[in-house]
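Here it is, the structure, as structure tokens.
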Amino acid sequence: MVKEATEKVIPNPFVPYPATLTSSVDLTTDVKLFTLELDRPEDEFDYKPGQFAFVSAFGVGEGPFGLASVAYRKEGLQFAVRRVGTVTNALHQLEPGAKTGVRGPFGNFFPLDDYKGKNIIIIGGGIGFAPLRPVITTILDNREDYGEVLILNGARSPSDLCFASEFDDWAKPPRTKVELTVDAGDDNWNGRVALIPDVLAELGPSPKDAIAIICGPPIMIKFTLTRLKNLGFGDEQIVTTLEGKMKCGLGKCFRCNVGEKYVCRDGPVFTFAEISQFIEQF
Amino acid sequence: MSRIGVFVCHCGTNIGGIVNVPEVVEAAKAMPLVAYADENKYTCSEVGQGSIRDAIREQKLDRVVVAACSPRMHENTFRKTVATAGLNPYLLEIANLREHCSWVHSDSKKATAKAIDHVRMAVAKVARHESLFPKQVGLTKRALVIGGGITGIQAALDIASAGHEVVLVEKEPSVGGRMSQLDKTFPTLDCSACILTPKMVDVAQHPNITLLSYSEVKEVRGFVGNFEVDILKKAKMVDHKTCTGCGTCWQKCPEKVTSEFDLGLGQRTAIYIPFAQAVPNKPVIDMENCRYQKYLKWTQTEEGKKPPECRICEKLCPTKSIAWEQQEEIVTEKFGALVVATGFKTFDHSVYGEYGAGRYPDVISSLQLERLMSAAGPTEGEVLRPSDNTHPKNIVFIQCVGSRDDKVGRPYCSKVCCMYTAKHAIMLKEHDPEVQCYVFYIDIRAGGKDFEEFARRAQDESGAVYLRGRVSQIYQDGKTLKVLGEDSLIGRPVEIDADLVVLATGMEASEDADRLAQTLHISYNIYNFLIEAHPKLRPVETQTDGVFVAGAAVGPRDIPDCVAHGSAAAAKVIGLLSQDSLTTDPLTAIVAPMKCVGCFACKAVCPFNAIEEQTTRDGRIIASVNESLCKGCGLCVVACRPGAINLRGFTNQQLLSEVMTLVRR
Amino acid sequence: MTKILGKTGLESWLHNIMQERALVAPKHVGDLILFDPVQSVDEVVFDYENTNLSPKEFFFPRTDTLFTTKSQDNDVELIPTIIDQETVIFGIRPCDARGIAMLDGPYLDDPADSLWAQHRNKTTMIGLSCTKPAPQCFCTSVGSAPNDSSSVDIMLTEVDDGYAVEAVTEKGERLLQGVELKESDVTLSAPSCDTSVPAEGIVETVKKVFDSPYWSRLADRCIHCNVCAYVCPTCYCFDIRDRTDKGKIERIRTWESCQSKGFTRIAGGHDPRADKGSRLRQRFCHKLLYFPQQFGPLSCVGCGRCVVSCPVNIDIREIISDLQELGAKVG
Amino acid sequence: MSEDNSPLVIGFLCNWCSYAGADMAGTSRQAYPPNIRIMRVPCSGRVDPLLIVKCFEEGADAVLVAGCHPGDCHYTEGNYHGRRRFALLRDLLDFMGIEKERFRIEWISASEGKRFAKVVSEFTDEMTKLGPRKVG
Amino acid sequence: MGEDFTQQIRDKAKELLENGAVECVIGYETGSDGVSARPAFIYDAAEVDRLAFDNTCTHNLVKYLLDKKGKSTAVVVKGCDSRALNLLLSERQIQRDKVYVIGVVCPGVVEWGWNKRSEQLQKRCNWCRQHTPVVSDFAVGEPITEEPPAEFADVAEMATKTAEDRATFWRDQAERCIRCYACRQACPGCYCIDCFVELLDPEWVGIRIAPDENWMWNTIRAYHLGGRCISCNECERVCPVNIPLSLLNRKLEQEVLDLFDYKAGMSEDAPAPLITFKKDENLGIAE
């Protein structure tokens, strides 16, 4: 005879924490940085760099976004959201004070503790730079724990570079370099006009004691991976975040899978060693 | 981010008297994305507009709904208002609370509910508005005038005098049109040729005018400022560059044929100019009738009698200008604006059995009478009966032949017939005091400067007998024509023995007017008269920007009207061509390339040829919209199943939002 | 000893069940047989191979409201859906019941899907073992049997004078309380399932043939009609979107299929499974590789619905055979 | 149907003729029942059958599409295309149980304010008599 | 039919593949049940013996040409299927020079399902007026003289019901619909990159799989095929819940014939009724 488990009330994992939009700032023409505060003090939301959460635009739906803030600073939950679809469109319409909801945090994170003492190369393209911001914040807040830091941020155009106002701060600490590049410049741009993989080849960072963290559009990730391999980086030294179409974040809807792995639960942070066999599927 | 401001207008008591405006304002405040709502006594007043501008700045509004009168009234006003406050003028939507609500409903509660719904829909729509920017396109500063009658001549001269190049296309060998066939003009009785000929000569001599006689417009592509027109130049068989118009050829040509210009009453030669004052005063060869052409045709089959080889013109031409090798050719020219002045033709009276169905030689049309009266006409101005060349004494005029007659599908009034018949009666009496004129009429329409006096003169001074009534039958009785009719004023049948009967044939749209209209994408009515953009306020514009209409092509009108009309069209063209670039309306269709399947249903339904084919980087052939041609009708949007085309300002999203906000309110 | 419930006894039992709970049973709907709520025992179909659609929708409805919002002043309250209705499903086949139980894997995996959990708690499954398996059936090849009672609460087996009754769970026991059962010494014979599919070792095989052109050739024929996924008792892909009506917002979850174009297309436009072959492979890899890797069993229960319903005869049994053959060649 | 059981009529009016005709009805104070909600579209040929079906899906009782008289279309041909689409759609909807009467197409010119009011009045009355849609 | 047709198809397929005229031949083969046909894609002349033709060859293979854009492909079509070729040619979805048409004169196909097959003709074949393909590069079978005119008894029957009954009927169908979109996927006329039903913005159809939304889907699916449906009935065949979709299609087919005197797919050039018009036509609207 099969015994019954005592019935317990299971919280519905699809119901977000109620939250309030406290600020909404334009990062680029189509990217905004949202700051959210949870409405109920009892809701727990502890997270690490690399993790993501679903943000609701009630009436339209919800979407997954990488957390762009760090938990320990207690400055609210921040998300950089690019306007590409119905949910992001609706989010962009929200005014500070608007009610929203957050579900998360989900996924794994960058094991920054494991990287202590290493040289870190942070490579991000476009909106893909958002999940790298907490990585940078954490490393710079604990600057002495890490070796050389190279930050490479690229975008289609100068006005698409996310977090431009923070570049100067990032470059201030010693042994820290910020390199910017764009696919196409404009009248006010004096910097590089080149693709990220090419800039990487030019800068030629040494793989010795180094970890490369990449985040960006799939095509950029693919080409950057190749360049890093050429530079001698091993599969374990390359860490990336993958983007997948997600609906639940809970490892249920089986939409974001790469092979048997869920981007939402087993990722989004993967070493190249973990995904090398699936990279063509991605 | 959307911060919508809603401004509800009382319009004095026009709206506020029925619609509870404060309630609408409160309801608006509760609508999604509405950041601000307020009311005005008169929103269109300077104070009202100022309050919108202030609110946009103070409340950081990014979209505005004005709930007031019809958008057809003040949409432009408020677009300018929001623009002065720094918003894109297209981030505005009007909710119509006056014409569509307060003025037609008396139940205040229901009207208020409807007003709230209309505001709701406007809010839903404006939330999806995007900033739109008119584009600038260059233009070709040349005009094409189609039709070389008095209207076209006037338009061409005016445009040319303003410094723009003009091409004047005339399908006949000479310009002049119908006016050149007239003897005198009413009500002043000045000689038609005397006032027209100088203008014709001006056309020929004006440095800015290129005259393409014996030519027709075949195809028109492009759009305002940038039309590309294919013009067919028919083969004249005479090199007009070398021809001096000495006249030897047409004087010596042995082949005589009926003259079209004289409407069958006279003859011309196979190589000819249509009339003495023709411009250009250089001949063309009528290929149908030329003896050499007939000979050439014969050599191909050698059937029947061998015609003479002739070629007399060629032999006698002092400048060797006969060009047998000439072919018709199509030239393509670019223009910024087009004027259509294709005029009219006269009604063919042979459909009237009761008037003899064209069988009696002495039943003629009034235009034929003009030729008989003309000093340059076949009888050199002597009015002679076609049947026996005698002077007619009793002359009957019948009005409204092919006008005001549903029976023949011409219910409209041709406007000029009453007056030219009066002119005829006066002139005939002057020519020959023994003449007695009778005029069968329905009404006398003499609206116009000096017209009524003129019509009176025909009766009072020239003794024409006006009989109100229709003619039921005409029959030939020996040399006389028996005209049976009715004088409806005294209610008695009348019978008149006439020597000549003149039918006041009405005006019809010229041959091919419909084909030309289709080519130009302008509309025409069931009588093939062209339709102006607005009958009162835009009388020479059409629905196709850059295409103007003038003269009798639009509907029956007399010479002074035609001249005024031609000048009006010219003024519009000059205004257009004086710009350095043109602004296009941004409410056009737009294709989402990733969604287009390339079925081109859009292209099939587009009335403006605005859909073009484009190859994507991955090799797909997809649609794209030429925004200069697109008029924003949205036909393509509905034809597009995959939803790849949208119409700016009336997007699928916007219309659906309006519906959804209404049904799920 | 076997406990027997006579035919009339069964009918009155079902009738009684209906008084307090919703009874779902096979029923004629048009020319289909579907699991559907019944109002009267007369509607219940007892003689059927299996229903055209699986009973999964009573645990994973076509459309489910995850929560609703209630707005007041500037505050939004989120109200999760609570399932109150006690439901009894009568006539569920062992394969289908196994399919439901199998989905406990992903759905009850932490964090559990509360709607699924509630449906499972509130629903009692009365199984009916198969006496004559249909030609498309192959449950015995994928780890089950026509009389497999492991996933139901109560198992019924048709015998001459009624139904042999086996209470499998406490929940089942409870439902049977007060029902009079005859004791009988009839022995129940397990019916045979003729079709044999070489499913053994398929997990390893699929890994080997993952990159084979077989998939894209197979997908030539596939029209991605999604029918297989919608009739399948173990397919559980879903979509989520909000719906607003008269100011009330619902977050709604509905069935979806991994075979549909754009299933994996992300907002930017990139789609890792844009081609037909990789979509079709995804379906079979999920059933034959990923699910077993995560939860153990193949996520195919051998009900054969996809075999019958596929309009272009993409037959999972044939595919398993083909893959094994292919795998053997790869070595 | 709204609370007081009066039909919800959704009207799509072309900007150039019928919307102006409705304006004319207003200017000349031609009264008609307040049930209709009016949407302005550039042309009757812009009215997507999807919108009409959507109205009915969402429970609207009646839909009116009004455009320029044939031959008068501001875009020369829009209403001809519309006429075909609506003819087909109306038959399809009728076949699916949405009575032909519920989907009305009218040609109303800018000068026909009186006729606009008459059409809307008749249509609303007819819909009131027909009653709400029985199957949603 | 039968073996003779099969042999002709195999021979032609072999020839086309061997001389490189086509890359793939799309035809039929016997399915996994051993009794009914399924689509077959033959790339290699050595495999042409898989091809078969019998009276269960129902599938409209023209749909697959949409996956073979730009590639030379031979396709086996029946009379009804062939009309889809004209539809797709006129809508520029396929290129005539890339398609080799093996046109089979079809006396009708039978009712069948997986592992079952009757000898009874499918309902639609009884009123078929297109036994002989309208497009063909290689004809299999002797052309059959088509008898006029089309009948719409099923449509007429529905029209005898009251509006309320009709609404109820379709409501019931909508209730059963599971929105799998199999009807669309099988239809040769459905090839939009993004189908209106799946668009999020504008969201024409809500997410719920519920009667309202399903009704909208079924209505617009039919409407989008107005004047385009070529009566192959694939939509109805693949529907897992047996919704009589052809009834809607046939209603439109009848209206299109009555109103516009048009039959879809009969020629490549005749413009579809909804992308053209006549100025003076009385369609029973606002006259």
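Each chain gets a letter, A, B, C, D and E, in the order it is written, and its residues are counted from 1.
One rule holds for everything that comes next: a residue touches a chain if its C-beta (ideal position, glycine included) is under 8 Å from a C-beta of that chain, and two chains touch if they have at least 3 such contacts.
Quantities reported herein were computed from a predicted structural model and do not represent experimental measurements.
Here the chain-to-chain distance from subunit A to subunit D, counted in touching steps, is 2. Identification of common neighbours of subunit C and subunit E yields A, B. In terms of the distance between Cα centroids, subunit D is separated most widely from A. Centroid distances from subunit B, each centroid being the mean of CA atoms, peak for C.
A separation of 48 Å divides the Cα centre of subunit B from that of subunit E. Annotation: 64 Å between the Cα-based centres of subunit A and subunit B.
One inter-chain figure worth recording: subunit D and subunit E are separated by 34 Å, centre to centre, where each centre is the mean of the chain's CA atoms. Under the contact definition stated at the top, the residues of subunit C that touch 2 or more other chains are 239, 241, 244. Shown for subunit D are the residues in touch with two or more other chains, namely 49-50, 54, 58, 71, 77, 81, 85. Looking at subunit A, one finds that residues 85 touch two or more other chains. The chain pairs satisfying the stated touch condition come to A-B, A-C, A-E, B-C, B-D, B-E, C-E, D-E. Subunit D contributes residues 49-50, 53-54, 57-58, 70-71, 77, 80-81, 83-99, 105-107, 133-136 to its touches with subunit E in the complex. Taken in their complex, subunit E has these residues touching subunit C: 31-33, 36, 38-41, 59, 63-64, 67, 113-115, 172, 176, 178-182, 185-186, 194, 198, 200, 206-210, 234, 237-238, 240-242. Within the complex formed with subunit E, the residues of subunit C that make contact are 29-32, 52-53, 62-63, 135-136, 217, 220-221, 223-227, 229-231, 239, 241, 243, 252, 254-255, 257, 260, 262, 276, 307-313, 315, 317-318.
Interface residues of subunit E, counted against subunit B in their complex, comprise 70, 91-93, 191-196, 199, 201-204, 224, 271-272, 274-276. Contact residues on subunit C toward subunit A in their complex (touch as defined above): 66-67, 69, 71, 74-78, 80-81, 106-107, 109, 111-115, 117-118, 121, 167-171, 173, 236-242, 244, 249, 251, 253, 258, 263-268, 270, 272-273, 278, 282, 285-286, 289-290, 293-294.
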